[in-house]
Amino acid sequence: MVKNIIELVDVTKEYSTGQSGKKCALKNINLAVRQGEYVGLIGMNGSGKSTLARLINGLIQPTAGKVYVNGLDTADRSSLTEIRRLVGMVFQNPDNQIISSIVEEDVAFGPENLRLPPAEVKERIDWALRAVGLAELRHHAPYLLSGGQKQKVTIASALAMRPACLVLDEPTSMLDPRGRQELIIKLKELNEKHGITIILISHNMEDVVHAERLIVLDEGAVRLEGAPWEVFTSEENLIGTGLKPPEIVQLANGLRKRGYAVDKKIISMQQMVEYICRL
Amino acid sequence: MKQEKSLKLGQFVLGNSVIHQLDPRTKIIGCLGIIFSVLMNFKWYVILLNISLIIAVIFLSRVKVARVLRGLRKLRYLFLLTFIFQAVLTAGEPVFHLGGVSVTREGIALGTSTIFRLLILYLSSSLLTMTTSPLKLASGIESLLSPLHYLRIPVSQFSMLISTALRFIPTIIEEAETITRAQRSRGAQFNSQRMITRLKSYTAVLIPLLAASLQRANDLAVAMESRCYTGGSSRIRTGSLCFKEKDRLAIGLVSLAFVLSVVLV
Amino acid sequence: MPIIDVKNLTHTYLPGTPYEKKALDDITLSVNQGEFLGIVGANGSGKSTLIQHFNGLLSPTAGQVTVCGRDTSVKQHRNELWKKVGLVFQYPEQQLFEATVFDDVSYGPRNLGLSSPEVERRTVEALKKVGLEPDTVAGLSPICLSGGLRRRVAIAGVLAMKPEVLVLDEPTAGLDHPGREMILELIKKLQREEHITIVMVSHSIREIILLAGRIAVLEKGRLIAYGDTKEVLRQKDFQTLPGVVLPDYLQLIYALAGRGKSVNPGIITLAEAELEIAKLLEEKDK
């Protein structure tokens, strides 16, 4: 039986905003992510996605409801270390996540916090750097790396803790197109080759085309859920959210409106080319 | 990969020399030993002894001399001013007069020795930071200060503070440069004659820098917490610190030099 | 006389040191009054270095740069250029420092030495141009605003100086879709209504081809493509140029054209691409 690695049960998160005001970031969220799944979480800024990310590894606690990681309750302080080992986090700003002046030592940070023996730490560093393709940058200083490379270092640092799941909160928004492409490809590889559960949070629809399942958040609630093609082609539901499907899907949607029966499952350029050439 | 647009003072240079391989504690003790020697004893032979020591280290560390001396350029005004002050303000036998003040022989001697001592101070600390990675440096400091743990002083957190600060110095410098350029593009005058305009221009750089640093501190704390940092006590470093033969030799040499410096009055 | 004239520009950082780096190598281009030039290139291609020559922050190591008729190798000219050329850096919201939005936007005009009424007039005007309501935001602290709003405030700060040339470095970086569209609309409007000369650096080919009449592609400091946007796009090897990531819909059209389908590869917008595919499908139906 494939287990749920992450589970949110009736989760609500409220923040107080100064003069006794209350802001509800998340309303009654119910969510489950299976081990090995690749999930895309999309929503505009203010939809609650970052709050969700921080709830998953216990950085913040829900106002109501429960968050379970591999069966462990994030409200239980004694479980937090294990929860954070299981869920690796990657945030938006590439610079502000790298703690050490040398790539190798930054990747070692997590395992060392877990009090692992030096030989084990070294082995994990080797593996993690190879997994993200940065083995030759091992001794480099972070400030000399490109944004994309820095994000890979952060991923390696998370991987060194041997997490079951990687949660990435807008990891590509500060990267250039090349860096973004490389990162997205790397995530797909990590999911397929190493079986790591991926939860990719983004406002950019093009980032999540490889996901198995998409969850659309809007104003703190789950608006839509389904396979990427289902979500992208569900125009009426996306309208209020401020999200736009990938350009190819916009094109396909437009063609369908003109009366041409274009296969709804087409979401990439390659698929569209093949489709048209086969006609 | 990004290119260094300007050189950072005392920055770590990757290498495999004898000096690089020394335990960081050895190097810290060595650096402090040399500094204290020249601070306590002004005599020329002490200065000579310590300068020779430093030259030997430069040679053994295989760090390019040009690199070491580069930082001196930025300090040239400090050196010049120091010399002038000593030369002019020291009482003694006047050598010549210049516009109302007299330059004394003792002053020149003192000025020269002070410059050399400043040089030794700068060189020894630069060599320390150039041959020791910031993290090793921090763990060396942490290890040396660890006895203070018994006095309830949070040594390992302090060490984390230092190594994080060191890690971000190049980033913050670059940020400051960018912000300066942006404000100059809006007419900020950093070279104005009026002090008030200059101050305002610096504020225009310092405030955004501070704001960015606060945000960064917040983000870093979140990242560290996510990787199970609990502010804990001494952590195992990759290749944990341990004194080897060359460390014992080095410490022995430095101790000898220190004792000589103190004793030879 | 072009408003920006660059002839054989070479710029080397830290010359004579072991860290010497040639950031720009023999660049020649020009921008005419009222034109829109798009600059594209990967990280490290020299884009940021190039635009700093346009407002006098840098002076050429070799070659000549003339902006608004002034030679930038003369220090006096460089020091005055900021008054005519407004440069908006990447993530400009990071440079906000004054206590209120009004104070920050008026920083530039105040540095220009304008009278108080004029400073106020320009500040209010600039805020309106970026779609902000002066009465509402003027007294707020920039820290309280969201990222997108702060960016608009930062851009207003440059617009308030009424520059003859506006240079933007990745103005939409890090923004979400509505935020990007807003900024692009703003730029389009500026060009349409005020005929300011605009130079925009961007990673997004999609944005550049929608706005720029001419495009320059940089790679490792060299100019590898330059000219009329439509013509440069039609260049055979354009897709393969480093730093060039074409929008999906263009890649689609080019791929179809490459397979012999009758689509017009000269299109620019998504809507045009849709039309072409529709025409193709129409023919297939027949």
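We call the chains A, B and C, going by the order they appear; numbering starts again at 1 in every chain.
Operating definition for what follows: a residue touches a chain if its C-beta (ideal position, glycine included) is under 8 Å from a C-beta of that chain, and two chains touch if they have at least 3 such contacts.
Note that the structure is a prediction, hence the values are computed from the model and not measured.
Participant: Counting contact pairs per chain pair, which pair wins?
Facilitator: A-B
Participant: Using only Cα atoms to place each chain's centre, name the chain farthest from chain C.
Facilitator: The chain farthest from chain C, judged by C-alpha centres, is B.
Participant: Can you give the whole-Å distance between the Cα centres of chain A and chain B?
Facilitator: 41
Participant: In whole angstrom, how far does the Cα centroid of chain A sit from the Cα centroid of chain C?
Facilitator: 31
Participant: If I count partner chains per residue in chain B, which residues reach a count of at least 2?
Facilitator: In chain B, 1-2, 4 touch at least two other chains.
Participant: I need the residues of chain C touching at least two other chains; which ones are they?
Facilitator: 43-44, in rising order.
Participant: Quick check: what residues of chain A touch more than one other chain, meaning two or more?
Facilitator: Within chain A, the residues that touch at least two other chains are 146.
Participant: Please name which positions on chain B make contact with chain C in the complex.
Facilitator: 1-7, 64, 66-67, 175, 178-179, 181-189, 203-205, 207-208, 211-212
Participant: Okay, in this complex, where on chain A does chain B touch?
Facilitator: 54, 57, 59, 81, 84-85, 88-89, 91, 93, 95-102, 104-105, 108-110, 112-118, 121-122, 125, 139, 141-146, 149, 154, 157-158, 161
Participant: Would you mind writing out the residues of chain C in touch with chain B in their complex?
Facilitator: It comes out as residues 13-14, 17-19, 21, 23, 43-44, 52, 55, 57, 82-83, 86-87, 89, 92, 94-97, 107-108, 111-112, 143, 157-158, 161.
Participant: Going by the contact rule at the top, pick out the chain A residues touching chain C in the complex.
Facilitator: 44-45, 146-147, 173-174, 176-179, 181, 203-204, 206, 242-244, 246-248, 250-251, 254-255, 258, 260, 268-269, 272-273, 276-277, 279
Participant: Can you tell me which positions in chain C touch chain A when the two form their complex?
Facilitator: Contact set of chain C toward chain A: 42-44, 146-148, 173-174, 176-178, 203-204, 243, 245, 247-249, 251-252, 255-256, 259, 261, 270-271, 273-274, 277-278, 280-281, 284.
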